[in-house]
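Two complexes come next, and they have one chain in common, chain A, joined by chain B in the first and chain C in the second.
Entry: the complex of A and B
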C-alpha cells in the first residue's frame, strides 16, 4: 500500500489515490483505440498501392521526427543537416542490397550503424561547439553530403540513382507498410525506454542547464554525443525504410529544403511528445496526399487570388509548413503534442482534463542556445 | 609581444593568409581563379555584413538573410521586363527592405524573449517560406538575369579582364564597409545600436527604443542581402529559387565566423578570404579526386577548423 501512496505523491497530484477508470470508463477509450487501429492498420488495405507507398513514407517521416526530437527535444541542440543522415541511410541500405547482394535486414542494420557512426564522427569533432554554431556546422555538413558524398558514383549509382528492392515476403506495398510500422514501433519503444533510464534523464538535465548537469556528475559532452548518435541511428533506419519503399533512391531530393521540412515537422509535431511527433511527421509526409484527396481543396489552392500559378500538392508543404511553424512558435509553442495532450492522457487511462498542458517543461521555448 | 601588435594580430593573420593564398594562385598561373575568388568573396562579405549586423542587434543567426537576396533577385527579374534596369533594382531593394521589416515585426519581435535556437528555427522557417513562394510563383527552373554593366574590358589585372559588374561588386562592398564603420562610430543612431546590443536595459533607460532599433537593423540587413544578390548573381548568368541560401549563405556564415561574428571589418575580410580559399580549392590539383563541388567541402572544413581552434575568429574578442 505504501508503494501506491508514494507513487500518488510522486505524480504530484493531490487527488488522493491514483485515478483508474472504471470498466465503463475503459469502454469509450477502447473504442477510440480501436478506431485509431482501424485507420492505421485496416484502412490502408483498401487503398491502391500508390497510396500505401505514401503512407509508408509518412511512417518514415515519423521516425525522422523522432530522430530529430532526440537532439532538439531532449538535449536542445539543433541539427539542420538531418537530410544528410537520412539520405546516407537510404543510400547505404540500397548499396548493401543492390551492389553487395546482401539481405534487406543487413541493409537496415548497416544503415543504422552508418548513421550512428556518422553522428559519432561529426559530433566527436564538433560537439565542443554548442548551440547556434553547432546548427551552422550541421547545416554545412548537410550541404557537403548533398554536393560531395552523394556525388560518389559507387554509393549512389550516379544520376539515375540506386535501386533498392523490397525484401522477400514484404514485396507488396501493404506488407511493406506493416513492416515500416513495425520499425516505427521499435523506434518508439527504444525512445521510451531510453527516456525512462538514467541516461535519458541526464539528457533532459543537459538541456535544462548544462552547467548544473555537470555539477551533478553528468558528462555533458558525452551525453550530447550519445543523443546525437541515437539520433543518427534513428535517421539511418528512417532512410533505409524510405529507400526500399520508393525502390529507387535518387540524388536530388536530399537538399536544404528537406532538412528544413524535417525540423519544421518536428517542432510543429511538438518536442518531447511521441504522439505529436508521429502525427507531425505523418502529416507533413501526407500533406500533398491530403490536398489531392480532400474534395475541393486542390481547386481552392489553385484559385488563390492574386497568384498567377497553381499551388501544386508538391510545393504546398514548402509554403504551408513554414506558415504552420511560425504560428506554432508564436502562439502554440508546445506543438500538436501539447494541443492533443488531454486526449492522449485520457486514452492512456487518466482523467480527461482540457486544461492539461503537460508539465511546464514541455515548452519548446525551453530549448537552450 | 607588445599590446599594439597583439591587438592587430587578427588583421595580420588574415592579411598574411589572403596574400599567401593569392600568391599561390598567381604562381600556379590561376590568376583568373583569383579574380573570381575575390569577387565571389566580396559577395560573401556583403551577405556576412548583414548577418553580423543582425547578430549584434538580436543575437540571432539569421538564416533568412540569403532569401532577402533571392526575393530581391526575383523582383529585379520581373521588373526588368517592365521598366528601366535601375528602377527595377531600386524596386528589388525596396521589396527586400519590406521583407526584412516584416520578418522583424511578425517573427522576431513576438519571440524576443525566446531562446536563440528557437529564433534560429523561426528564421529558417522564413527562409523556407520564401523558397516555397518562389517555386510557387515562378518555377524551379533557372532564369537568366541581366547585368547592370556590360563592358568587360575596362580594367585588366594580372592579365585577367575584370568585368565592370565584378568591379561594381568590390566597389560597393568597400564603400558599404566604410560607410557602416563610420555609421557605427560617428552617428548617434549607430552608437545607439551598439549600446542596445551590449546593454539593452541601460539603453532603454536612457530613452532609446530598443525595438525600433531592431526593426531598423533588420531593414538594413535585408537591403545588404538584396544588394549582394542583385550585384553578385548576374555574374553567374542565371538564378533559381533559393540560390542565395544554397550558394551564398553558408560561405557567408563561415566568413562571419572567421571574422569573429561581431566584427563588421571581420565579415569583410572573412568574405574575401573564403572566396580566395574556394578558388584555391577548385583549382588545386590536390583536390581533383574529391567528387562533386569542392568549394562546399572546403567551406565546411574551414568552418569546422575555425570553430575548433579559434572560435572567436580573427577579429572577435574571446568569450569571457
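Entry: the complex of A and C
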C-alpha cells in the first residue's frame, strides 16, 4: 500500500498523484515523436549513399558517446584513450571478416569482446589508481596503440588499410544504416537496464562517494573495472559499425585528436543523459557535413572570434567543441541533455517544466581529476 | 560471547597516536556507547573496525573470526554496518535510490541478468524497492522517498542514513554521532527508535555519541576515550561520574565545556 502511495513522483519537485497527459495531451507528443521518427528513419531514404554513410558514422559516434559516458558520467573516470578502443574494435572486426573469412556478426561479437578484454587488462593494472593518473594511463595507452597495435600488418593491413565489407542483406548504405540504428538501440537498452540494476547504482554510488559505496558492500575497484569493461565493449561495437560502414579501415584516423573529440562530444552531449549523448555524438560526427551542406553556416561560424576562416572536417569538431564546452561550463553543465530535458520529459508523458534540471543534475566537479 | 571485539588496537598518523591499545567488546544485542572529547580517536576506532584503516597493532574479531585484514566491503557483507559523522549517503540520489543502492548485496541476480533486464532481476528489483519503502516507513521517512537527499535537513539526513545502513542488513550497527543535528526532542525519539530497532532487527549497536542523556538512556555499556586511549569503561552512570571522565570533558576551563556537565545532570 505504501509503495503505491509513495511512488507518486520521481522528480521530488512535484507532489501528489502522478501526472498523466490526457488523450488530447498525447496528440502533440505523438506528433513530435512522429517527426523524430521521420527525420531518423525516413529522411535518410531520400539522401544519396555518400550522405547515408555519414549518418551511419553519426550512429557509431552516438555509441562511442554512450561508451565514454559509462566512464565519465557514471563512474566519474576519464578515458583519454578511447580512440584506441574504437580503433581496435574496427580493425578486429575487419580482420575477422576479411582475413579470417568469418561473418560480420562474428566480427562485431569479437570486436566487442576484444574491447572488453582490453579494458579488463588495462583497467586491471591501472584502476588501483583513479582520477588524473588513470586518465594519463589511458592517454598513454592510446599512444601505445597508435605506435604498436596499429602497426601490426596482419591486423591493420598496413598503409593501405584493412578491407571491411558490409554483411549480406545489409549491403546497401541504407540497409546498413538501419542495422547501425539497431545496434544503437541495443546499446541504449543495455545502458538503460544497467542503470536500473545493482551494477548501475553501484557506479553512481562509487562516483559520488567511494567510502560510502564500500560500506554498502560495493567493491569499489571491481565496480570501476566493470564500468571500464562495459565502456570497452560499447567502444568495440562502435568501431565495428564504423569499419563496415566505411568498408575500409585505415590507420591514420585513430589518433589523439579523435580521443579529444570523443571526450568533448560526450560532455557537450551531456553526461548521464542518453538523449543528449546520442545527439552529441551524432552532432559531432555530422558537423563537417552540416558545414558543407548548410549554405552560409561556415561564414556564420567564421564570424565567431578565434574560429579560423576555413573549417576542414578534421579541425571543425576541435574548434566548435571547445566553444560548446564553454556553454557547458557557464550555463549548462549537463550539456545538450540538460538543455533539452524539459522537452524529453514532456515527450515521455510528463508536464512541461522549463526549469526541470533533473534529479541527478550534472555538476562541473562531477569528474574529479 | 561478544559478537564484535576490538583487541588492543593502535594506529599512528605521523606524530599523532590516534589510538593506543584500545580494546572494545560488544555483546550480542548490546548497545555500547563510545564517548570522549573531540579528537579523542572515536571515529578512528570506527575506521579501524570497519576497515578504512589498517591498525599498526591489534586485531578485530567479529563473530569469532579475525577480520583485521578484510576490505571494507567484505566486512559490510559479513554484517558490519556503519554511518558517518558527516552523513554517508549518495547525495545526488533520492532517499529510495539510496535505500535500494544499499541493498547491493541482497540483489541476488547475475550482473548480466541485470544488464539484459531478465525476469528474475526484475522480480528481485521489485522486492528491493518494497523493502526500501518499508524501511523508510520504520524511520518515518515514507513521505520523503522520492526526495533528493541533498536538500534534506541534517537531522533528517541522520535518520535516512540509519534507514540506509539497515538496508545493508547488518548484525552490528556502528553509528557515528547519530543524534547530531537533532534537537533534544528528536534525540529522545531517536533513543526510542534505537531500542525498537535492536528488538525488531536483532541488532547490536555501537554508537559514538555526545548527547549524554541519550547515551545513559539506551546504552548497556559505555567506553570513554581521551587522547587515543581508553580512559574509563563501565555502566553508563559509573562512567559519567568517573572523575577522570569529568575532568576530560571539563578540561582546564570549565566555562568552555560546560555543556556536557549540564546534560549529564539532566541525565539523572
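Quick note on the criterion: the second predicted complex is superposed on the first by the 338 of 369 C-alpha atoms of A that agree within 3 Å, B and C clash if a C-alpha of one lies under 4 Å from a C-alpha of the other, contacts with A are read in each partner's own complex, and residues count from 1 in each chain.
The definition used in the following text is that contacts are C-beta pairs under 8 Å (C-beta built on N, C-alpha and C of every residue); 3 or more make two chains touch, one makes a residue touch a chain.
Quick caveat, the model's predicted, so the values are computed rather than measured.
Give one word, clash or fit, describing how chain B and chain C relate on chain A after superposing.
Partners fit side by side after overlay.
Which partner reaches more residues of chain A, chain B or chain C?
Between chain B and chain C, the winner on chain A residue contacts is B.
After lining up the shared chain so the two structures overlap, which partner does A:219 touch, if you call chain B first and chain C second: first, second, both or neither?
Only chain C; A:219 stays clear of chain B.
Quick one: classify A:136 as touching chain B (first), chain C (second), both or neither.
It touches chain B, and chain C stays clear.
Just chain B (first), just chain C (second), both, or neither: which does A:144 touch?
A:144 contacts chain B only, not chain C.
Touching A:128 in the superposition: chain B (first), chain C (second), both, neither?
first
Which partner chains sit in contact with A:196 here, chain B, chain C, both or neither? Use first/second/both/neither.
second
For A:211, is the partner it touches chain B (first), chain C (second), both, or none of the two (neither)?
second
At the CA centre of chain A, how far apart in angle are the CA centres of chain B and chain C, to the nearest 10 degrees?
Result: 80 degrees, to the nearest ten.
Output check: A:309 vs chain B and chain C. Expected answer is one of first, second, both, neither. What do you get?
first
Per the contact definition in the header, classify A:120: touching chain B only (first), chain C only (second), both, or neither.
The answer is neither, since A:120 touches no partner chain.
Aligned on chain A, what is the least Cα gap between chain B and chain C? Give it in whole Å.
Once the two complexes are overlaid, chain B and chain C approach no closer than 8 Å between C-alpha atoms.
In their shared complex, at which residues does chain A touch chain C?
Chain A residues touching chain C: 2-3, 5-12, 189-190, 193-194, 196-202, 204-205, 208-209, 211-220, 226, 230, 359-361.
Chain A touches which residues of chain B in the complex?
60-61, 63, 106-107, 110-111, 113-118, 120-122, 124-129, 131-133, 135-139, 242, 245-246, 250, 253-254, 257, 290-294, 296-297, 299-300, 303-304, 307-308, 311
Over in the complex, which chain C residues touch chain A? Could you list them?
50, 52, 71-73, 76-77, 81-82, 84, 88-94, 97, 100-102, 104-105, 107, 109, 111, 114-117, 121, 125, 129-130, 133-134, 136-137, 142-143, 145-148, 164-165, 168
Once bound in the complex, which stretches of chain A touch chain B?
72, 76-78, 80, 125-126, 128-129, 131-133, 135-137, 139-141, 143-144, 146-153, 255-257, 260-261, 263-264, 267, 307-309, 311, 315, 317-319, 321-323, 325-326, 329-330, 364-369
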